[in-house]
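Following this line, the structures themselves.
Paired with chain B in one complex and with chain C in the other, chain A is shared by the two complexes that follow.
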Partner chain A sequence: MSARIAVPVFPGTNSEDETVRLLRDCGGDAELVHWSKAEELALYDAFVLSGGFAYEDRIRAGAIAAHDRIMDYVMEAARCGKLVFGVCNGAQILLEAGLVPGTGSGRKPTAAFAKNLPEPHFVCRHVYLKLSIEPSRSAITAALPHGALVPAWAAHAEGRLAAAPEHLKEIVEGDHLAFVYAHADGGVDDAAVPNGSALRCAGLVNREGNVLAIMPHPERDAWNFNHLDRREGADVLAPSGGAVLFRSFVQAVSATQASHPEPRPEGACRRTRASE
Partner chain B sequence: MVSGLSGVPNVALRDDELQRIKERLGREPSTVELHAFDAQWSEHCSYKSSRHHLTRLPSSGATVLLGPGEDAGALHLGVHEGDRYAIVVAHESHNHPSQVVPFEGAATGIGGIVRDVLCMGAEVIAVADPLRFGRADTDVACAQRSRSIARGVVDGIGAYGNAIGVPNLAGDVYFHQGFDENCLVNVVALGLVKEGELIHSYAPKGADDWAIVLVGKATDPSGFGGASFSSLTLDAEQAEINKGAVQVPDPFLKNVLMRASYRVFALLREQRMTAAFKDLGAGGIMGCSAEITSKGGYGAAINLDNVNVAVDGMPPEVIAVGETQERLLWLLPQAVVSDVLRIYNDEFSLPDVAYNARATVIGRVTADRRYTMRYRGSVVMDVESEFLTGPIRDELPYTEVIRHSGPVEELPAVDVEALFPKILAHRDVASREPLYRRYDAVVRGCTVLARGAADAGVLAPIPASRLGVALAVAGNPRYGRIDPGYAAEHAVVEAMRRVVAVGARPIGLTDCLNFGNPRKPEHYGQFVAAVDGLTRAATQLDLPIVSGNVSLYNESADGHSIPASAIVACIGAIDDVEKVVTPGLKEAGSTLLWIGSRELVVGGSVLAEVLGARGTLPAISYSGERASVGILHEAVARGILRSCRAISDGGMLTALARLSFDAMLRGRRIGAEIDFGNPLCETGGFICEVSDESEVDLTGALRIGQTIPGRELIVNGIRFEIPRLYKIWSQPLDELYP
Partner chain C sequence: MTERAISISLKIPDNTAYTALVALRRLGVDVARVERSEIWIFDDGGDVRALTRRIESDETIFNLHKHRLELLDRCAPRAGEVWIEPLCHPEERALRLRSGQAPRASRRAKDEGERIGIAWRLFGADGAPVSRGLLDMAAERLLCNPAIEKVTR
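Right after this comes the complex of A and B.
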């Protein structure tokens, strides 16, 4: 049985189809799971929270969705060491649920993805994510090279990491700053940051390394046809560019599955199949 | 709200129309009937003064799957793995609402056009937004208003399109005095459907006794009188009261409604069921249910008590014709009704997404061809369906527009060094990025060329397929002021060129005709001239016009019409997205070719405006246009076209500068050296970078220079630093869109 990846859909999610498509093109066994069938999430081994405007981003982006029934399953899975990867709105939800950086307790966030600055509105801009942890720090990034550059599109109005100084300190000292914004040549400066994010943060990882949240969308620059002017004669339909991070995730999902061939004994962390 | 010509409060029907209704009914119309006819016979719904002209537009051809007449048209895109795919395309205006309430007006414009495409059974894959605003310069009196409209409209389009997850693929914006009191917000949407799975917006044969199912937002009092409102001239004093006629957008609900509808499409496919689906627009429940049934030769029996409402106590006429957004209407065989209700109400839990939103059966299709409505046990409407929805015609007199002509004025040598920076910084030439970066250009992951990256946006919309679709819009108001008919022809040619410039094969057009008051013969004559112009251009270029829209009464309170604005969108097909022409100069040492007419006139150009010069518009040679397209297709097929731009606002030198900007932004150090008579002329054509000109047929092309290493443009010996030009070009709109 190959490891199964769920892409949960909240009311307002809008990037679910391309997320599933890319996971599958990277070899993953991915399915959409609709909010009205949240209980099916118990059957999955890994989770990708995709982009959109879950619950209309009321209050703050991700704030309502963080308390949705879907998140009961995702949080339990994260606690059991299953892999959870959030992109854009998915990242906002993981942050609001307190899963990243995960330095607080329960669903209490210790940071926020706040309104962009200095442009306090939605910005759609091509960016690069630069891996700023050791690849092995997180299973999800383990297959990336050191300092990997991942092309992506920033497309959000609320992506600026904001936190109290002591919590920013925790992020740095706890090695939670997974990705920063960079230029195409790998250079890092404020001009590369589309939203005024603290620490030039583009992504955060939890302490255990099994939950990763990134603001920009690698899945929108993930096939050769998405970046024709950077192609190198390869098949236009083949995954490339931002797909590298999704492929690393899929490999990690397969690896964790291989290391736990049988359902683990501790009850809550077992996969509960209807047929069992 | 709105006052009309007939003197009946809230109704815009004319006395002669009212008389016709009384005679046909043999009695006084009920209040519901009065409002129903008011909406249905409004210009907005009936096209009463425009339809007989629009029939001249060419709408057939090898690429046409569905021409005008339904909520959207459809064009054949290509075949992938044995399946024939079509692009569904719709084009509308939301001008009046956007002038009164810019954010909501523009957002509901996107909402409406998306439903027009959705209801054809298609997945919505792109939107575009041609915009026209008044002067936003800080030194004119009306600037404050124009600025707030220009910002509100863009924010509304972004907020809606971004939330539903449809990329903004194309668009343009002009700022012109003629739009000080009437902005234009045109919207285009594209959908993708397998040709055999298209859903029509009329009752098919055998629909007798089918269920009429309303789906979406709970009906509320917003948007009451919208159709009539759009058919009146805006009055400054009325503006505040007119706000009630503008609808309230809910992109969050729409997001869910779209996905639930995709699920219903799948269910109908699985069960091999036919159904009809239509967007609720002007005239609300009444307009939609009457049209979808009567077009199939049926009547309808509607029970207004079954309509899910947001507030109690609304009068029946408000429930019947109010234009609450985010609603659609199905005609469904009884066998499938419960499954469809379950998908919307349970699987996608509409009632949890928005207050009292749901799918609900509100009536049935009848064979008797009468349109009836009941409310609280009484019949509140009972009319012949065809009398309500049938064609009504208003033959209005018009003044024939004489084709603008005069001696061709070729300007004497201009000071390119001093003028080119001014042209690049001109409000109609400067970078649009401050505006479009607020739009999501890449959601859905299919984007090949994003909005602003090139002359046309390109998508690869079918997973695992090399087929691509390109989209571009055009319609120059400076041209419209000079010659309404010829401007329409130029709009067709320009939209086509933009699609060709990315390597696509143009397959069809849509149009939106934005004009003044049809009851003024001189305004109406401009509309008629534009229809003639579109007809000529589309016929000559063999491009069918498969859908469109007319927006009249774009006239200010003191009687000024907007510049004649035939706005055109061109759809292009790409057999292999690998062949798409990518942005920016590629290599030093390439040949630069100019393809286009030799007649270098300045009429209607940005240069003419900067110099205060007048003149006739550039002449169009259709044989020349066809030849240009042939040269480009040939160059793409042989793989020698390295980059290309269509020549448009700002002229040939602006097009070349943009090729150099795109190279610079991608880290390439390439410039160009050219020698050319007047490089600021806007006479249309293409500027092309080719690797090898030896086999290009140069009868329609001229070698004007070559690309060079370094970031410099050398124009007739004058040197421009590309980074400096980029700074001049990229910043002007930052101030308006900070």
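Right after this comes the complex of A and C.
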């Protein structure tokens, strides 16, 4: 049995289907887990929090979901070294929960994806994420080449990394800045940033490298039909650039699971048996 | 110039306030009711009635069919209430200046008013506003993200 990946569904999540589909296309054994069945999360080896508007973004984007029972499991699993990957609203939840950059204590967030600037509006724009850490810094990015460019769609109103200067310094010095916005040629400047994000940040990783949060959606640029420059005549379901990050994640999940062939006994730290 | 704080709340059921109530209870904050409102600061020009009429006719911030307007006695939270106000970090200030916008977070009332933040008012089972300690707990555990917001008590 291959490593099992859970895609938790909160009320208001809306990108779960394409997320599961891409994970499966990349060889992952992915399933949706409803918010009312949080206890089932103990059966999974890794977690992908997908985009949407969990709990309608009430109070703040990701604030209620960050305190949901689902996140109790996810946080415990992350503590045990399981891989957690959040996209868009999933990333907002991870920041609200304090899992990334993870420089605070407990569930205390030290950064947030705040309202876009200079225009505080929803942005829907094709972007490129440039890997700005050594690939091996995170298991999730380990299969990517150095400085990899990942095409994706930014679709958010609250995607601007915001934090106090001392916390931004921690992000830089702690090597938490996993992805920055870039142009198609890999160039990095403010014009590539769709939302005024501090440090041109598109994604953050925690200290241990097992939790990654990115704002844009690579899963929406994962097949030819939803790539920015649709290649005429090509198979509409041919893989597109956004799939590379998910493929790297699935490889990491499989590798992690293979390195723990015996299941741990209890709760969120339990791993599925490689031979099952 | 006379600064006047205005609270604009829903008179229809407030789903967000209810969600906050449920979440706060789950987080161990013992509250029985949560009220939420937007806080605006206006210059009333010495004529409160005129100000009230002006706000009630401004459909960008007030809908007569679903909103309730309340003039506060002073520009500060009431008993059992915290105001959650957005922080403006240096990065944001610089970005706003570069794009020709005025830096935010000045609390000077302007003609068009200024939205200060969200007020959360918490009540206990006895119907009375909750204590300062409980308010602090609610702000710390859920209502405020200290990375981007500050609490005014």
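Assume the second predicted complex is superposed on the first by the 258 of 276 C-alpha atoms of A that agree within 3 Å, B and C clash if a C-alpha of one lies under 4 Å from a C-alpha of the other, contacts with A are read in each partner's own complex, and residues count from 1 in each chain.
Assume contacts are C-beta pairs under 8 Å (C-beta built on N, C-alpha and C of every residue); 3 or more make two chains touch, one makes a residue touch a chain.
This is a predicted model, so every value here is computed, not measured.
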- Query: In the superposed arrangement, which partner chain does A:T110 touch: chain B (first), chain C (second), both, or neither?
  - Reply: second
- Taking the superposition as given, does A:R79 touch the first partner, chain B, the second, chain C, both, or neither? neither
- Identify the partner contact of A:G52: answer first if only chain B is touched, second if only chain C is, both if each is, neither if none is. first
- Query: When the two structures are overlaid on chain A, which partner does A:H121 contact: first (chain B), second (chain C), both, or neither?
  - Reply: first
- Query: Which of the two partners, first being chain B and second being chain C, lies in contact with A:A163: first, second, both, or neither?
  - Reply: second
- Message: Tell me the contact category for A:H67 with respect to chain B and chain C: first, second, both or neither.
- Response: second
- Message: Tell me the contact category for A:R207 with respect to chain B and chain C: first, second, both or neither.
- Response: neither
- Task: On the superposed three-chain arrangement, identify whether chain B or chain C touches more chain A residues.
- Result: B
- Message: Once chain A of both complexes is superposed, is A:R137 in touch with chain B (first), chain C (second), both, or neither?
- Response: neither
- Item | Common interface residues of chain A - those touching chain B in one complex and chain C in the other | 55-56
- Sort out for me which residues of chain A touch chain B in the complex. 9, 11-15, 17-18, 21-22, 34-36, 51-53, 55-56, 119, 121-125, 153, 155, 184-185, 217, 219-223, 225-226, 228-229, 236-237
- Query: Considering the complex alone, what residue numbers of chain A touch chain C?
  - Reply: 55-56, 58-60, 63-64, 67, 95-96, 108-112, 114, 117-118, 162-165, 167-168, 196, 198
- What part of chain B is in contact with chain A in the complex they form? 155, 158-159, 162-165, 251-252, 255-256, 259, 346-349, 352-353, 436-450, 460, 463-466, 468, 576-578, 580, 582-584, 666-667, 738
- What residues on chain C touch chain A, complex-wise? 15-16, 19-20, 23, 26-27, 86-87, 89-92, 95-96, 98-99, 101, 141-143, 145-148
